[in-house]
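Both complexes shown next keep chain A, but they swap its partner, so chain B is in the first and chain C is in the second.
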Partner chain A sequence: MTTKKTAGVEDSYQIEGKMALPYSYFAGRVGSKFITTLRDQKKIMGVKCPACNTVYVPPRQVCDVDFTDIRDAWVELESTGTVKNFTVVRYDDKHLPRKAPFVLALIQLEGAGTPFAHILEECKIEDVRIGMKVEAVFAKETTQTILDIDHFKPAAEKASIHEVNARRKQWVPTDEPAEASTRKGGKPDMSKPVIITAALTGAATMRNQNPSVPYKPEEFAEEAYKCWKAGAAMVHVHAREDGGMATHDHARIKATYDAIKDKCPELIVCLSSAVGMGKTAEQRISQIVYIKPDMASLNTNTMNFGIVDRKTGKIFIDYVFENTFGMLQDFGKVMEENGVKPEIECYDMGGLDNTLMIGKQGIFSDPMNFNFVWGVAGGQQFRTEAFIAMMNALPPKANFTTCGVGMDQYPCIMQSCILGGHMRVGLEDNIRMPNGALAKGSYEQVEVAVNIANCLGRPVATTDEARLIMGLRKR
Partner chain B sequence: MAHQKKNRNVGIIGIGQTKHSSHREDVNQPELIHEAVSLALKDANLTMKDIDCVVHGNMELFEMVHSPDLWHVLGTGAYGKDSIRITTGGTVGATLSCASDNLVASGMYDIVMAIGFEKLQEGHTTGGITNMACPLWFRKIQAGALTGSSAYDVEREFGLERADRASLMYRIIMDKHASLNPNAHRAFGLDFSQIDDLIRTSPKLVGELKLIEMCSQSDGACCVIYACEKKAKELSKIPVWIRDHITVHKEENFTIFGYDRKYPVLKTHKFAAEQLFKRNGINDPLNYFDVFEMYDPATWWAIDWIRDFFNLQGDEHLRLIEEKEIMIGGKMPINPSGGVIGSNPIGATALVRVAEAALQVRGNAGPHQIPTPVNHALASGFGGTMWTVMTMLEKELNW
Partner chain C sequence: MGKRLAVCAVAQIKNHPDYHDWRFQNMLLECFEPIVEETKVTFDMDKGIRTIITCSDDMFDARTISDNGITDVVGAHFRGEEKMAQESINGLGYAMACILSGHDDVILFMGHCKESQGESRRMISNLAYDPFYCRPLGMDYHNVDALQARAYMEKSKVTDEHLAKVVVRSRANGKKNPYGRENKIVSEKDVLNSPMYSDPLREMHIYPVTDWAYGMLLCSEKRAKEFTKKPVWITGYGSCMDRYFLGDRDIASNFSLKNAAKRAYAMAGIKDPRKDVQVFELSDQAAHQLPMWAEGVGIAEEGRGGQWIDDGGMERFNVNLSGGQLNGNPLLLGGAARALECYYQLSGQAGKRQVKGAKRAVAQAATGGAGQHQAVIVMEA
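After this line comes the complex of A and B, so read on.
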């Protein structure tokens, strides 16, 4: 401690002191696991609150919002994230981790609900922007601290699916009988683009299950556009009233269809000819004739179509979905006559056989487009061997796509993609992501489907390619 | 002192404490707090939804965390609730209790949760207490606990041998109590036969103040839930009623390095006790109270303060100790919990006094429950250079 003259004041002194501030703190078990997994496995772990679905990174023992104990609810995060905010440190001090100037950024990892501060390097300070994508660079040697992530750097820019498609050669049809024979052997042509469809709503998925379900035409348009941007070539639509009920009202369905087409003209729209529970045959088909969409669903079997508790077998809603041979025949004819390509919905092998049987009248134009639907309460669950059996029963020129209810969704689309088929995702079938989190919208599931296609080296179909493959009218 | 009757009665309906310990590497600060909060909620059979307001307290800067109550929301459950932070030094736990009592009594809130906390293993307490001290300019080192001056006083009055033996007797009684309390930090298993050895062998800190006579440095948290009379009766089978509390402080200079007769130290306890008992019509506190949870940072202060609190004459206070009347089963059991000498997570310590006194009134303190019925309990808090907070608890609403 010293005393010195106060600058500029003759008769006053200033006492100068110095403090040492040693301290230590304990990260606790939860915090320590975060550090040790970072150190030993180069994995960034967080915890996810089951009550409010917030993913906390770094992890904490208790969710402060709802006071849920989340110490064991571990999830693994991506090492990429987004800059939420940043500051430039412009003074040097020995306690700082870098020589000034350097950037400290608030970075929110993919899948995380909370950001944390870290160093951002390998880019010019003036290029740092809020919203920029960054990725973690792990330290070569551990310090057993958060600096086991040495720093973040700008993430390699990932080209959008449309940029990728623009760079590659457009797909052209090949010799189809040859394709059908290799398909049977489980050796499909992996260079054939895979069509991704997003079923935006269905008739029964409500906002209380996932707030991203669109009801209004403009919401459909927005959601459809996001799906197209993410890589979907087609959306499947059940129009809704403002309150969320599925509707057969022509004006409302047309408004919804037109809103999507206005927002995203090239996107293929497949309307439902099921509409919703308790609709008459007339209500179901007249709207298709009225609107004449690119495509419409065609159901192949009268079946149970209920809601059953999968764990206990308890029946919540007991309902028979009527699709008689007569309806299959009449709807099919009407669609083909109006230039609407049917998407033939098969909930089991029986539906497929019904179609082939009634189809002998020569109703359906080639190529026929089948959708194998898994996991409806009343239909069959997804099984690999059932999938292959159905695929092998298809007529030679037919295409197939697939969709699965709930957690059947991801396994069945992956199976389809492997076998040369197409993929349908969307909130109609499943409200969640593969990790169990609520999907932010159908578009997030489209991103998963694009990933699957990327993993298998299959190009994602453009809308033009999809029209060509499925034999739709030109736009 | 000006004092008016309470607007409405307030009862303690939930109590939770961590095990106090020198080592809690397995939890961080909010996680430690969460343990106490969870236990108190469970004890009261409530959830955080039932809590209207959270009152948070610890020592300023002891863990070197600025505004710790903000971080601690992760453990306190105060998200979206009214919340108040209090720091009054060593008395903070007792002040938490007073504030919670007042907040409920005023009608502002029906149910208030008080949380006292300290994690002394982290941070640097001396740094927190002494920052920018300069004795020359009356910026005193705000260290209250370490003093040999009381030892000097007691020795001078009663002779070295008797004073030393009384001090160690008190220490061993506290150790025996702490051995019964599963939450206590330090319980060595000392015996009265060790008094002479300990006087000889325990390292001296200041004057006759020995290491064994000092309180511990602990990690721990305590949570107490207060409810208005209506809610307390609805929610709890055994609410403990807060009759009155008093706070007195006198930031007097006193030196920790030695004794100076010019500084009349440590008289706030006596003043506070006199005021409190007078306004509640208690003429003989030693007979009125069934148990006393006293904030006893060191044995010398403890033995001296017993005289102050109960307004005893001559060597009455020493005889209470020498005749083991302050033990569980004695005439005036003091600190059945083992006291501050047993466990000292500072921000929680004074709240632990209230909590332990309330447990004694409820009759379910556990192995350290005193065997005779407890209808009237007293708790004290101490801090700063000289702060006193006293709280009176009652079993029945009949005063």
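After this line comes the complex of A and C, so read on.
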């Protein structure tokens, strides 16, 4: 202690003192568990009230809403969370853990019912926003306080598929026949990139089924772009009129094609040569010649192509999809002559055999690209052994991808990915996510496909790799 | 009635940034003597003051059991003495319980605080937080009020411009209050250009460091005429404590204030505060709290505090004509300062600030960061 003369009152003194008291403070049994778990295991724990389902962080012994004893109702929380509120402390003081300015935020951890206060760092103050995702950074050494979480920082954004691809070595073609033989032996090359295609619309999926179905060219461009961002190398397109009807109008199809290419120049576009119900052969192929897309679908069999209630067998739409040998031959030739690689659509083994038979004329350039389509009413439903039989019937250098109508979509693409094939998703085939919820767009299904590839350790093909693999013309 | 207690006399010293050459004992004595002189109250154990309630804070006084330093000057030796270690407004609630229960019938209620004594009032409020979860993060009443400000301003469309209005008006009103702290008169532009303190609060949005003391003589209805010709009545008191952890409560909701006001209004028989009350004194420790507490006591529409300021609500309802806590009262004493202003208004002694024909007034105050504990009293002429 010191004394100091008071200005203006020269015979008075002010005592300059300091209050300081070392102390021990029992954290309580509930608090102790929180503290030691944080310190020793770097885990953040809360308690969940079984009566009102509130998850309390920091934990406590009793829920003050319903007086339920919750001391043992421990739940582990994620170390990531969301900023619910924040202030920027711009003054310095001795009780503050950081030099000003620093951000003090209310952060709600994933799984917690309420936010708690902590420091937010490693980002510019101007960039702090309510709603931003953050993650805990644990202290290297214990502090005996909540600062065992040293601070929170912005959560690492999951690296985009494009960033992942930029970091890995680009795929180069290998000896194809050797690959075909390992494929038959059931030992596909998992290092070969998997091409993800998004079929944005088809001819029949309408907005009342899923509001994300694009109709206008700019809507196609936007959806296509989202799919490319999510990891698709190719989109498959049936152009629509403003009202949603499938169209064979050259100008409209070109406008749609160009809109996609303008928005996302590298993306591969595969146009449908089926277009929609009731189109003539001329209407179906002339637009392909007019636009000369990277790729176009080529159908291999005249078949029923209806809509039938799978549970009752009741027929809603009875329609024959005409694809004669002549059309297979003529469309195939015209496509190859115009530098448009056919995507050969096989709805069953017969379609594949038709292609091999007519292909003896030497119409198709290597590598041929097949798409196994499952679940069309008139084609076959997805069966794993049917898939393998078709795969084993492919010519040596051929590629295969697959798509399935409705809930066949996810099992069939997963099987294809396991077997070294490629994957097609999109609202043309299925409007839902694996959990049955409506997909927010084809891009959300692309994300599922990327997930499948990630699970199997297969790289997702860039557009350049996809062009190499499928033998498309260079961009 | 009978369920009311009388405020017979009040005294205070001027709110001041730093009474460096006054002990807080002196500050109290300056309030004690005028009350004794005015009311001729004695310390006779049969008819005089037998119970004294004091309000002070250990940390600001830099000694625990802070009342120990002042019991002599407030006449508390050899008789009952209780210390209110919470917002002073609760001392009135405590006195009310004491008198209406018949425990005693005359009470001297005194309080003091020298915010200037501590090196940092923020460090003091930091100590209000637990040593594990909150204190190490540097939480104090200012940065916690700032978190509330962000949430409330978003909810009630209160802007930086609104807060500037509140500050300008507080200082202008404070100038008219002979006991008001001397502050620089500022323009809205000055406020808007002043430095940020703890976003979205600027330094000027927070009440300044202030030293102050007050005294009040309270008694039962029956004995009021012994001490004054014109008592002012306390007819209602209500309080409510919200949860401790900030994340556990909706800090923009006024939950505890609404509850406190409801109880006080029920006790005083107030149905619609907008019609039944002519003066409101709200403890705006930070500028955003003026419209926020106005919503809480029921004179601004829920979620429309910004619009309420634009519509002239502060004038229409005679809010904080004293300058409010924002003009400068120490922590814990804002509620007593509010009650004193209500007393002046209801007894016709408010000078330039006088609201003509004021019959009823409401004083409100909060303890803890972001208004965790709230209390409301109703006073009547």
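The definition used in the following text is that the second predicted complex is superposed on the first by the 321 of 475 C-alpha atoms of A that agree within 3 Å, B and C clash if a C-alpha of one lies under 4 Å from a C-alpha of the other, contacts with A are read in each partner's own complex, and residues count from 1 in each chain.
Here is the rule we use: a contact is a pair of C-beta atoms (placed from the backbone, for glycine too) under 8 Å apart; a residue touches a chain by one contact, two chains touch by 3 or more.
Since this is a predicted model, take the numbers as computed values, not measurements.
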(request) Based on the superposed arrangement, let me know which partner A:Val172 touches: chain B (first), chain C (second), both, or neither? (result) neither
(request) Name the contact category of A:Asp93: first (chain B only), second (chain C only), both, or neither. (result) second
(request) Considering only the touch criterion stated at the top, classify A:Ala156 as touching first (chain B), second (chain C), both, or neither. (result) neither
(message) Once the two complexes are aligned on chain A, which partner has more residues of chain A within touching range, chain B or chain C?
(response) C
(message) Between chain B and chain C, whom does A:Tyr25 touch in the aligned arrangement: first, second, both, or neither?
(response) both
(request) Using the superposition on chain A described above, determine whether A:Gln61 touches chain B (first), chain C (second), both, or neither. (result) first
(request) Applying the touch criterion given at the start, work out whether A:Gly17 contacts chain B, chain C, both or neither, answering first, second, both or neither. (result) both
(message) Once chain A of both complexes is superposed, is A:Ile35 in touch with chain B (first), chain C (second), both, or neither?
(response) second
(message) After overlaying the two complexes on chain A, where does the chain B footprint on chain A coincide with the chain C footprint?
(response) 17, 19, 25, 27, 31, 64
(message) Using the touch definition from the top, list the residues of chain B that touch chain A in their complex.
(response) 24-31, 34, 47-48, 63-64, 73-75, 77, 79-80, 119, 121-124, 127, 131-132, 134, 137
(message) Looking at the complex, which residues from chain A come into contact with chain B?
(response) 1, 15, 17, 19-31, 60-62, 64-65, 67, 69
(request) State the interface residues of chain A toward chain C in the complex, per the touch definition above. (result) 6-9, 12, 14, 17, 19, 25, 27, 31, 35, 56-58, 64, 84-91, 93-98, 104, 106, 108, 114-119, 143, 145-147
(message) Applying the document's contact rule, which stretches of chain C touch chain A when the two form their complex?
(response) 20-21, 59, 62, 119-120, 122-123, 126, 131-140, 142-143, 146-147, 149-151, 195-201, 243, 245-248, 251
